[in-house]
Amino acid sequence: MKAYEFQSFGLEHLRIVERPRPQPGPSQALVRMRACSLNYRDLMVVRGHYNPKMPLPRVPFSDGCGIVEAVGPNVSRVKAGDRVMPIFMQTWIDGPLTDEKSRSALGGAIDGVLTEFVALDAEGLVHVPPHLSDDQAACLPCAAVTAWNALVTQGRLKAGDTVLAQGTGGVSLFALQFARMHGARVIITSGSDEKLKRARDLGADEGINYKSTVDWEDAALALTGGVGADHVVEVGGAGTLERSLRAVRHMGIVSQIGVLTGVTNDVNIAPILMKHIRLQGIYVGSRAMFEAMNRAITQSKLVPAVDLAFPFDQAADALHHMESGAHFGKIVVRLNP
Amino acid sequence: MKAYEFQSFGLEHLRIVERPRPQPGPSQALVRMRACSLNYRDLMVVRGHYNPKMPLPRVPFSDGCGIVEAVGPNVSRVKAGDRVMPIFMQTWIDGPLTDEKSRSALGGAIDGVLTEFVALDAEGLVHVPPHLSDDQAACLPCAAVTAWNALVTQGRLKAGDTVLAQGTGGVSLFALQFARMHGARVIITSGSDEKLKRARDLGADEGINYKSTVDWEDAALALTGGVGADHVVEVGGAGTLERSLRAVRHMGIVSQIGVLTGVTNDVNIAPILMKHIRLQGIYVGSRAMFEAMNRAITQSKLVPAVDLAFPFDQAADALHHMESGAHFGKIVVRLNP
Amino acid sequence: MKAYEFQSFGLEHLRIVERPRPQPGPSQALVRMRACSLNYRDLMVVRGHYNPKMPLPRVPFSDGCGIVEAVGPNVSRVKAGDRVMPIFMQTWIDGPLTDEKSRSALGGAIDGVLTEFVALDAEGLVHVPPHLSDDQAACLPCAAVTAWNALVTQGRLKAGDTVLAQGTGGVSLFALQFARMHGARVIITSGSDEKLKRARDLGADEGINYKSTVDWEDAALALTGGVGADHVVEVGGAGTLERSLRAVRHMGIVSQIGVLTGVTNDVNIAPILMKHIRLQGIYVGSRAMFEAMNRAITQSKLVPAVDLAFPFDQAADALHHMESGAHFGKIVVRLNP
Amino acid sequence: MKAYEFQSFGLEHLRIVERPRPQPGPSQALVRMRACSLNYRDLMVVRGHYNPKMPLPRVPFSDGCGIVEAVGPNVSRVKAGDRVMPIFMQTWIDGPLTDEKSRSALGGAIDGVLTEFVALDAEGLVHVPPHLSDDQAACLPCAAVTAWNALVTQGRLKAGDTVLAQGTGGVSLFALQFARMHGARVIITSGSDEKLKRARDLGADEGINYKSTVDWEDAALALTGGVGADHVVEVGGAGTLERSLRAVRHMGIVSQIGVLTGVTNDVNIAPILMKHIRLQGIYVGSRAMFEAMNRAITQSKLVPAVDLAFPFDQAADALHHMESGAHFGKIVVRLNP
């Protein structure tokens, strides 16, 4: 079978290799992958910026959708023919995250899913909401679960709350959609008026162009009567944190998710204290969260925003497209067409 | 000014009397009532079934909408001309309910709002969501806050949950609307196919006619794959509790709200233990809950289901209409047309 | 090996039989039982009052402590020589209870632990706090986890709260100890002044003799300044529920645990609504709760109250002793002396 | 009457002045102060480091204990002769903090309590636990409520948890005491072995000298089996935050309380994400928290650790003593001896 791997860090070292098709172990399912989606993390992983000590070669990508081809003798959770998605951390089933569970992430700690076939423990798979295409389902495991965990599991979002989401990447658009699904108001930021228009078409109530309105946190305060947002979905990282702390209300929640603008910066922590802010780190989520989210997606017939789907042999192009920042929503790579 | 009062228990003793227009105290607002809505409790109050020892005469009704006519010198919360609703328990502002706060309910512990003017502490008023008519706003203080408290504050409802609501009275229809607002699935019961159709038009996903399907809890189980509903809005009381305990899932919540079928019955409590059920009593809610709900109603442009609006001099007819059970949603009495 | 079983319901049918020593499966551990403890449920099970349709023969008892004798090849959670306790529901590891998990309870749904050896999935075992004897550890799986779940997991007990515990059986004494461990105040009821004295020696702040003070709920109210207890540990069942609803404060929690006085009774549910009470069914708890509790027991060096330890061949006597109500705390049966 | 005030920033400008004794307004109580306690914030306030734009002159200090001398006609909450403490933010009664409530802090936003008499709204006072001396009670309003809010209200501390507290100042020692009160394990850091010994005498399980063990976070990890503490009480500020993020477990809570080492620093936020950490800002707490804490203090007979009590005319010396860092626990200034 064909699989992508990189033997050295760098997009230029990402290549398709021939590997033996895996056999499912007694508790495993063999999954024929149909589509994968990209996360910014994948770019960092391949570049070696995520974990410079990662053992190589490694198969990249954590997110995807496939069809169960065969199962081991102890498996009852899924059966051949089922459409499934792997969970991001293969052993985070329920309850709190632990160090051990965090060491089971696909396409990072262990080999990922940008491969024709993958054998995974059946406990590490969830079923696809029936109304979703393979491309759409491939978008859920990391970005959607992260947004769900931030707003619903940790954030206990309710109707009437205001959610501020940064940009129009995968997590932010899922945050937009989950917020609207729960009757919340959404303010979204972007550097592109065109993308703000598309976000409004997806349900955003307000858009702020952070290029023309550099102090976007002041605009966010003005849009909330000076109170601030209840939730800020912070994907920018250390470079935007101070603005997010200003944009959130007293006792509000800033979900720290991404590091697009870097992991380290000079940060003034005084607003955290004085405004009694909860800065909540979010690292994807458990299978239990994934399944709760799938019930919601199925009930609301939510459709993820897919930007572009690339053929299997253009995975590097897909990563370059992500890097360009031109995308709106999720980028997909298709397998087994 | 004109006001309703009853000097003895019984609908036949409910009459319009002339009373002096009250003056607002230093911390009070004088409110010119525009519309009141009925709750089943009002029927019980006037009949003497709610509290047989209630001091008489008493002005009935807790729920309404009015316009601030004047305010005392210490008042900054509202101003003349504001459209407001009184909160059900006048001293339950925030935090947990106490015995003392529970003794401040309008139209029960103290005089109610079926009167042309009422002077209330400004802390006991909230502003009306701008898109609502007076009739619609009059529906919120008891029924809507109760449904919000049950599902959102206590129930922490999230998208994808299943809510089972009994009947098509005020609380149940607000429960339906709040559940849909949060992306939840709604199963509603009624003795009338016509009402079930109207509930579906309001957003209910499923309807069960409890006359043709006596064991409606079995139908609810079947509709949830045998699992049971996440939330049951229990307005029936002791007579329906056992069925509700059967219809809810393991670790689900039954919100005990109403006593339409009586307060006392032979109850088998074993399912509470064995299914780890939370039976949560709900007694309306605080001003903080009311205000959070109003933000949600404003954001979602929710419109309460008003059944019929009666003129001021037909308040007894309005109560008879409620008693007949023919209504769908809230019954209103209009003042100061 | 020797094991107890009953082929028909009734204490008189409980007998020691010879069974082949089980072999651990690939994911199992073989445990040499050292001590078992009794719960009131065991009496109901053997009598056929718990589940009259239970398939027979059945090995009784859910609770015990033993030593791992051998493990299957896939087991890393425990190793030979480890002192362990089985969890009550063998598949309730973490997250919410489900119908399926509830069907894995030892000594009920499946064979129990009153046997010299038992083979259990390694996931269904937890380690014993080192300072506890085998007799003491045998007391934890059902009664202690139930009290922990009620007060800590569900009840979110904090210092300064008041806990009212009914009687001096296993759950109630663990509730007393956990409440004191968290800095809470404890009121305990009993029909015996002698037992009340012993409860005070264990840390109870107040004792009420429900024989001399029939309306013990009034005494509890008086002891809390008329406010009521924050938590009531309700082991009596339908027969005492109304008094418990009266003894708890507004928005307090009544944990419904036991059915000593029956499962069905005429119950007036009005106080649940009017006092905004949470009646929370408790059905033991998960392995995650058990392990959190063990950390607390280890930190505080808590020692369970063991009433009497019977030799293996006197298990029926132990059950008769429980039935007599003469015990204070947990009754133990010792194996493999 | 005598009162302290400063007309310019700087300890050297702190002086005793003669002011007219205030009269209680209709809803106010006049309190004769008996003792005040110092917080690090007071040093920052007087120096002008807290709010350089603070209007002057200002009476310093937020914390104290006094006796009600007289009350206005609308007051029923307290009466003459009652021993009371003011709440830190005079309008944060219950529910969430708002910007408006945060602008009512004593000795900062408004005049403080280092004065013979102060007139405060009766709603802004709480009663003193009877077993405490005036000096001891004066320690509670800021430091103790902060520690309670961090560990109990926000942190939902339970027995068996591990709490890491930095240093032996007021907040940290209350954290130690509340943690022990709830059956938790306590690790405390200090630069002094002598102080570590005193902390152990107060109940700390472990002490780490951060001078001899510079990488104290590694020692904390080792003491928790590599897992990390459940709660870190972070009073150091930006300078210690990275170490605290390392010392806490996955999904643990770092309560951001103090800024002893500065408010701004280069911070690597990656661990917040990857360990799913909650960094929770704490800004003292509400009256409801204060009263819940007082119930706990009364139940457990907790006695605050008072370092030294200075006479009224030596308030500047008291502040210099705090600045020296030589203290263990709270520093007090006595009035009206």
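For reference, chains read A, B, C and D in written order, and residue numbers begin at 1 within each chain.
Operating definition for what follows: contacts are C-beta pairs under 8 Å (C-beta built on N, C-alpha and C of every residue); 3 or more make two chains touch, one makes a residue touch a chain.
Remember, it's a predicted structure, so these values are computed and weren't measured experimentally.
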Label-sorted list of chains bordering both chain C and chain D is A, B
Examine where the copies chain B and chain C touch and state whether the two sides share over half of their residue numbers (same) or under half (different). same
Mind checking the centre-to-centre distance between chain B and chain D? Centres are C-alpha means, answer in whole Å. 43
Mean-CA-position distance for chain B and chain A (Å): 41
Parts of chain D lying in touch with chain C, wherever the complex brings them together: 152, 156-161, 178, 181-185, 292-300
Touching residues (chain side chain D, partner chain A) in the complex: 96-99, 102, 226-227, 237-238, 241, 250-251, 256-259, 263-283
Please name which positions on chain D make contact with chain B in the complex. 93-95, 288
